[in-house]
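The same chain A turns up in both complexes below, where it pairs with chain B and then with chain C.
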Partner chain A sequence: MTNINPGAETAFKLAANETQSKSLGKIVWGRFVRHKAAMISAVVLTITILVVLTSIGVGPIPGWWIWSPTDIDPTIVNNGHPTFTWNGIIPSFGEHPFGQDQIGRDVFARTMRGGQVSLMVMVLMGIIATFVGVIIGAYSGFYRGRMDFVLQRGTEVVIAIPTIVVTAVIGHKFGGQNPALFGIVLGLLLWPGLTRLVRAEYLSLREREFVDAARVAGASDRSIMFRHILPNAMGVIIVNATLLMATATILEAALSFLGFGIQPPNVSLGQLINEYQTSFSTRPWLFWWPGLFIIIYALTINLIGDGLRDAFDPRQRRIPKTKELKQQAIEKTETEVAQ
Partner chain B sequence: MSPAKKKPDAAANEAREVTTASGPAESEAIEVIPGEVTPDAVPEAGEVPVIGASHAVEVGDVVLDVTDLNVDFYVDGVWVPAAIDVNYEVKAGEVVAIVGESGSGKTQSSMSIIGLLPRNGRASGSAKLRGRELVGLPQRKLTSVRGPEVGVIFQEPMTAMNPVLTVGYQIVEVLREHTALRPEEAKERAIELLRLVEIPEPERRFDSYPHQLSGGQRQRAMIAQALACDPALLFADEPTTALDVTVQAEILDLIRDLKTRINAGIVLITHDMGVVADMSDRIIVMKDGRIVEEGDSKDIFTKPQHEYTKALLSAVPHLGSTLATKDPNRVSKNATPVLEAKGLVVEYPKQGRQPAFRAVRGIDLVIREGEIVSLVGESGSGKTTVGRAAVGLLPVAEGELTVVGKNMQGISHHDLAELRKKFSIVFQDPGSSLNPRWPIGQSIAEPMQLAGWEKGRRVTRVSELMDQVELPRNFRNRYPHELSGGQRQRVGIARALALEPTLLIADEPTSALDVSVQARVLEIFTELQREHGFGCLFVSHDLAVVEQLSDRIAVMKDGVIVEQGTTAEIIQNPKDPYTQKLIAAVPVPDPAEQERRRAEANA
Partner chain C sequence: MLRFITRRLITAVGVLFAATYLFFILAANAGDPLADLRASTQPNREILIAQRTAELHLDVNPFIRYFYWLAAALHGDLGNDYKTGQPVTTMLGDAMGQTIKLVGFASVAAIVLGVLIGIISALRQYSGFDYGITLMTFLMYSLPSFWVAVLLKQWGAIGFNDFLADPVIPPLTLLLIGIVMGVVVGAALGGEWKRRALFGGIAGTMTAAILGVMSATGWFLDPGLGPVVILFLGLGVAYVVVFLTTGLNNKRALYTAFTVVALGVIAWVPFNMNQLSGVFAYTGFWAAIGLFFVFVGAGLGIGLLYRGPDKWLSARAGAIVGGFMYAFLWLDYLMSWWESYSNTSAINGRPIATVGSSTPELEGSGYWIGTIDTFTHMVLPISALILISLAGYTRYMRGSMLEVMNFDYIRTARAKGMPERTVVMRHGFRNALIPIATLIPLDLAALFGGAIITETVFGWNGMGRLFVDALETVNVNVLMGYFLVTGILLLIGNIIADVLYVLLDPRIRVES
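Entry: the complex of A and B
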């Protein structure tokens, strides 16, 4: 048998650039890369995370910064003001670039620690909420009926639990020293939104014919749910998990600011702001920096989530701007005239 | 001349709002002389109602003159041409059919004329509607053209009508937005239009929502909407593709009837040569954006000039053309049955408040080894349900269904899993039945993987299967979206044959494909069937396709088999009135034959 037949004309065209087999993942990546705000955010976030992790070190691994968050420098340099200045275009860091607090602790080191703790809460919360949300949503949407009813009523119970009350209790019981616990609790409270979305996605995907095709081929329910349907629901999941993490950053900061979250001597970005709120007029830089990092986290993650959502949405084709269209039209007529 | 013109700005604004709010179907500005719409004008049923007639065209006047029309789309930074140097004209009272495969630019070239291109499209050249240049006309001026001058009938009435508004409201809205008709006058006029398109009980249907109407009635309502403003030109974009044959025949009758009544030029965009033969006066054949042949309907059918036209015509299955080559004894009467149904009843279980629905109500059917049996019927007849019950996707409610020696009623999970290695199914829509996130190699290999084959054996078998369905082997790493419809369906077939099944269910495998692609896929399918000798249940609504393939045919209606017999018996000598009606409704790709049949029907 040969490959030559009239119907396979396109096949030949495709065979010519055979190496260009694109998975949907690659297409999504290609579209994501073109989203400028999301790409800039991704770079900024990566650099921020690198700095936050390496500067004061993680756990037993030492970092490159001379001060640790708990070190007290008895000499208050420059009255505690930030020593960071610009020498023309060359930045000069000085001894305490972010300044010092009342008792001489280095604000840079403390902000970095706060950044680490907030990052940890955010990531843990993101992973747990996504995992729980996807599993419950998948079972609920795939099996429908009684299973769906039970799971969804359960979900509503979780929605009804006030986050602030639970975290306040946890904060008091465990002293607010354990960011991991805090992240896990937030994760266990914030999955319902994702569950509803995953459930909706499964409800529509389970009616697609490839599910029947898999079933006829003999695939088990679990295989259909997680090998067939899950990759198709990945778009919704990734996008919403990212946006959820952005929310988590702000929520953690807010709770810590209210005194319900991380508590001293441990440090988180929100807790730093809470701790220094009395010196608002005398040492404003004490919240500039934690505030800046909260904004960086929340904004970059939100923008990345936004970029992902655009990249995953097949209907959102890049439509040329009217200006570009006109430009193209002019170029075309010019080449025609030239010919 | 029209009251709407007294306040041009307001009218234009309103028109724009309509366009954005409810899509192109409603974007019809209207020029009507209000005085004509009086209760006296409501015609008796059967009488010829003349509505509007505000445009002064006589039969034979050139309504649309298209010269050097080019349409391009801006895709990934380059302009991709969709239509190149298109030239044609349409006269009043004439049906011009534009024929071509999907992607040939037949729809886009027409939509560009009325300014309904997507935002990344552009048109150049000239299209004159009764002397007025339409290409390059700004949208706000086009709204006064769409409606009074040009009407459009879309392919899928369910999506082209707004599901949350009543049919009557959608017609009245059009009338009210652009004329000075009072609400009650507009309503009368809308009912009159519904009567014109032969919707029964138009007064009651006026308050129905689109989903409450049948497919055919919806299409009629949309035609009424397109005609509301009495256009000089009507674009019909695949108006019957989404409909059953018998309904299609009715709609075609209606359009042909309207052609003489409304005195408009009709542009019929379709890929169905049967419809073309039935309807058109002139034919334009398009391929890859260019017109390859143009001419009188009869000439094109009897002496096609261009190679492509010949190929297109030869790909169209003719009802009754392969009967001579059929051997009724190809499959021995004593061959073992692979599927046996006795009094089979299949129900869709009740969901919430919806009671259980009995889709198949007691049928008897036997498929022997190596035999192709076709199940034919219209949508809702339960034919697909039988196929799905046979592969265990739906439970058997009553009666007996034996598949490859196992009773399907109350079958255990374990037995069903074993059985699934022995049968498989090819689905209707290859775009939906392949997992979009899996490379096709993986999709083809899945049944083998689930049957526990080791990797090396799977890889060899996948290559072998891809050769058999004539797909290049290097396609195995491609994703479904990179393949054309025909290629995807071949992947579906390869996957279904992976484990050498003894029974194959084919659920309308070619209905989503173009004619020429369909011909090739059917050829491959037949070859493979001869080679592997599996028994096959071929579910289809297309009698011409069924006749080509099958050894026996069973005709289904409302969940019951009304007639079954060998292919020759059913096609040449149908006994049941429903079968007769079904066969009579199939459009024959031959204008002379169609004319003869029409004369016969009218006599």
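Entry: the complex of A and C
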């Protein structure tokens, strides 16, 4: 037994593990969990969302943080500098960990509110854009021909319209205070990219045998589209919806920064940066925190999307590295020796 | 093919009509163009309101007002800016010039860098370098551009200007830069651990040493290359170009490249040696471009003079090296003006500008000073733009190259004994460029839309700024002019991308 190359044996076992009969969901989940960057991102994102939601509370539910975004603390602690410090390795938060702005408002509470608003815009936008994108892409790809032509030209019109003009109209007509409205509008504008991918998926999937089988069994068009084809296109949809949400975070921040998104007195991460950019030379910390949270959102979601892409990729067979093989071979011989 | 293109063009006109109509209605509802007049306390307020209403047809419903605009636009009249009375066409022309200068330069740099990094990253898949680059690109993807721009403005510009006041790099910083450089080079190279450590160490030490010499001799205050540095740079470029295009075994190409380098260094004497009476002293904008082609042509000619069965290969190498030699000479001469530029009263030793596209006091001070001035104004916005768009190209090129390198024809090429250079450059690289090539027309079309955020933060009067300013004042004529230009270019870019895809990849056929 020991004279056979132990590395080859382990490789064979690993490969067998991959090809065992498992449901697609299990395979994908297994691969996703192995993607280190994506898993770390998922944990970081979850913690961030929990902190953002619980710290200042949502709506009527109170949070654990003492200040609210609108409270004004008349005593400006430490000249407004962040009171967050490290005592050795133990973090010490102090009264205003992220500092205070010119009129004494707590920057931590304001950043948390900004994080909530941006999160809400992002989630609403993601849901709506995915919904619209999938429906239009499905009809376009499934029926082809004239329906496809009309829908695709319509998509081109939507692509051509700059998002900023629409949000400017929303801001003028409704005041730029309502993040939900903003999220819905962004969702109604950002679906074209997803539509094209879903359409391409449907164009190829509709030629497959299982579609013929479903049709022979008497399934209606709608049932074929959404019961039979949709689950097979789910990988592309989930991955791109995730990546779209990361883009939406930055887009929302950019629009608010330019003054065509969320407007004061409401706050969003981009709006905070816009509000505080003039005081950069005197109070740079006002500027760091909202930027940091935008990066956390966008980076973690992008990495999760990348992990999902790898997990859904059918060509992805994990080939163990030579280093891992050697390691496993050593471990194996060690256990054999021990036995 | 022709049928396909005409069909696409006809539908594009329809799409453009629908999009402009929708855009017009949105733009007309984005605010109140009379807001400033309503708030004014002038006695003739009512008359002014009536005037502007008549000028912009504000009493007509936007759904119908569009056709007023369309009728005028079809006659080539895009209307005027209601605030300044300037015709929209001239405004667009000015803004487009500024945008092409800024965004065009940044896009070209980002594409070249992105392709380069992407290929190295793909060839060294799953190495430390690859993981590092992947993480960097994800980080860059996730950076909000306005945040980066403000940070660059506050820290990059002010920090560098402070550094120039007393340009000495402390030894510790030199050491750090050297180590970072060594690690990056070592990681990017392939092969044995020892070889990588050796070359990484050499690169790191060289970098630190060169920076140290530059710092000690006050190079940052009075920069220049000089014939010796140009010679070494030229030899390096010649080596790399010949290695990548023909392989070092092609002696004729190698000799061509070296001859071009030698001639380039000799050209330094009439061109650069005398700052006030050399050839470059009499060179303006167009002459500088013309001279570039003279150098490229000379390189081409020298390659052909070496004759041989594959003289066009030598000519290509010669032309590329010629272009580089000209760039070095040009840069050397440009640098000779740096000191006088930096010491003018308008600059006063703080050359890196944070706002605007030129220093007004220096207008009309000649081609060379003007070029330096443009550069110092472009450095920050271009860095911001490159930082943001580099990530996309790198990821895309890496993915494309990885896919191509896994094809069977690459294995075939290797199996029949092709050198790795030929496999990578001729079989891999060229095919991996196809998806990038089809992406470029769309990006170039989007380029004319300007970089809204970068232009706003850095006060650059390009298309993006024009658009945002017009949106703030609800200047519908300007907005429509902007949208017409960007919309047409986007649709044409889309068609070119599709056509290019078919032309470059013979496996794809058009269905018309």
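As a working rule, the second predicted complex is superposed on the first by the 300 of 339 C-alpha atoms of A that agree within 3 Å, B and C clash if a C-alpha of one lies under 4 Å from a C-alpha of the other, contacts with A are read in each partner's own complex, and residues count from 1 in each chain.
What we mean here is this: a residue touches a chain if its C-beta (ideal position, glycine included) is under 8 Å from a C-beta of that chain, and two chains touch if they have at least 3 such contacts.
Keep in mind it's a predicted model, so treat the numbers as computed, not measured.
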(message) Just to be sure I read the superposition right, which of the two partners does A:Val58 touch: chain B = first, chain C = second, or both, or neither?
(response) neither
(message) Quick check for you: in the superposed arrangement, does A:Gly218 touch first (chain B), second (chain C), both or neither?
(response) first
(request) With the two complexes superposed on chain A, say which partner A:Arg208 touches: chain B (first), chain C (second), both, or neither. (result) first
(message) Just to be sure I read the superposition right, which of the two partners does A:Ile72 touch: chain B = first, chain C = second, or both, or neither?
(response) neither
(request) Would you check which partner chain A:Ala160 touches, where first means chain B only, second means chain C only, and both and neither mean what they say? (result) second
(request) Report for A:Val33: first if it touches chain B alone, second if chain C alone, otherwise both or neither. (result) neither
(message) By the touch definition at the top of the document, which applies to A:His228: first (chain B), second (chain C), both, or neither?
(response) first
(request) Have a look at where A:Phe280 lands relative to chain B and chain C in the superposition and call it first, second, both or neither. (result) second
(request) Would you mind listing the overlap between the chain B footprint and the chain C footprint on chain A? (result) none
(request) Show which residues of chain C lie in contact with chain A when the two form their complex. (result) 11, 14-16, 18-19, 22-23, 26-27, 29-32, 126, 135, 138-139, 141-147, 150, 154, 449, 452-453, 456, 467-468, 471-472, 479, 483, 487, 490-491, 494
(request) Please give the residue numbers of chain A that touch chain B in the complex, ascending. (result) 1-3, 5-8, 10-11, 14-15, 18, 21-24, 208-210, 212-219, 223, 228, 231-232, 234, 317, 319-320, 324-325, 328-329, 332
(request) Would you tell me which residues of chain B are touching chain A in their complex? (result) 74, 79, 119-120, 122, 311, 388, 391-393, 417, 420-421, 423-425, 427-429, 432-439, 446-447, 450-451, 467-468, 470-472, 474-475, 477-479, 481-484, 486-487, 492, 495, 516-517, 520-521
(request) Within their complex, state which residues of chain A touch chain C. (result) 37, 153, 156-157, 159-162, 164-166, 168-169, 172-173, 246, 250, 253-254, 257-260, 270, 273, 277, 280-281, 284, 287, 291, 294-295, 298-299, 302-303, 306, 321
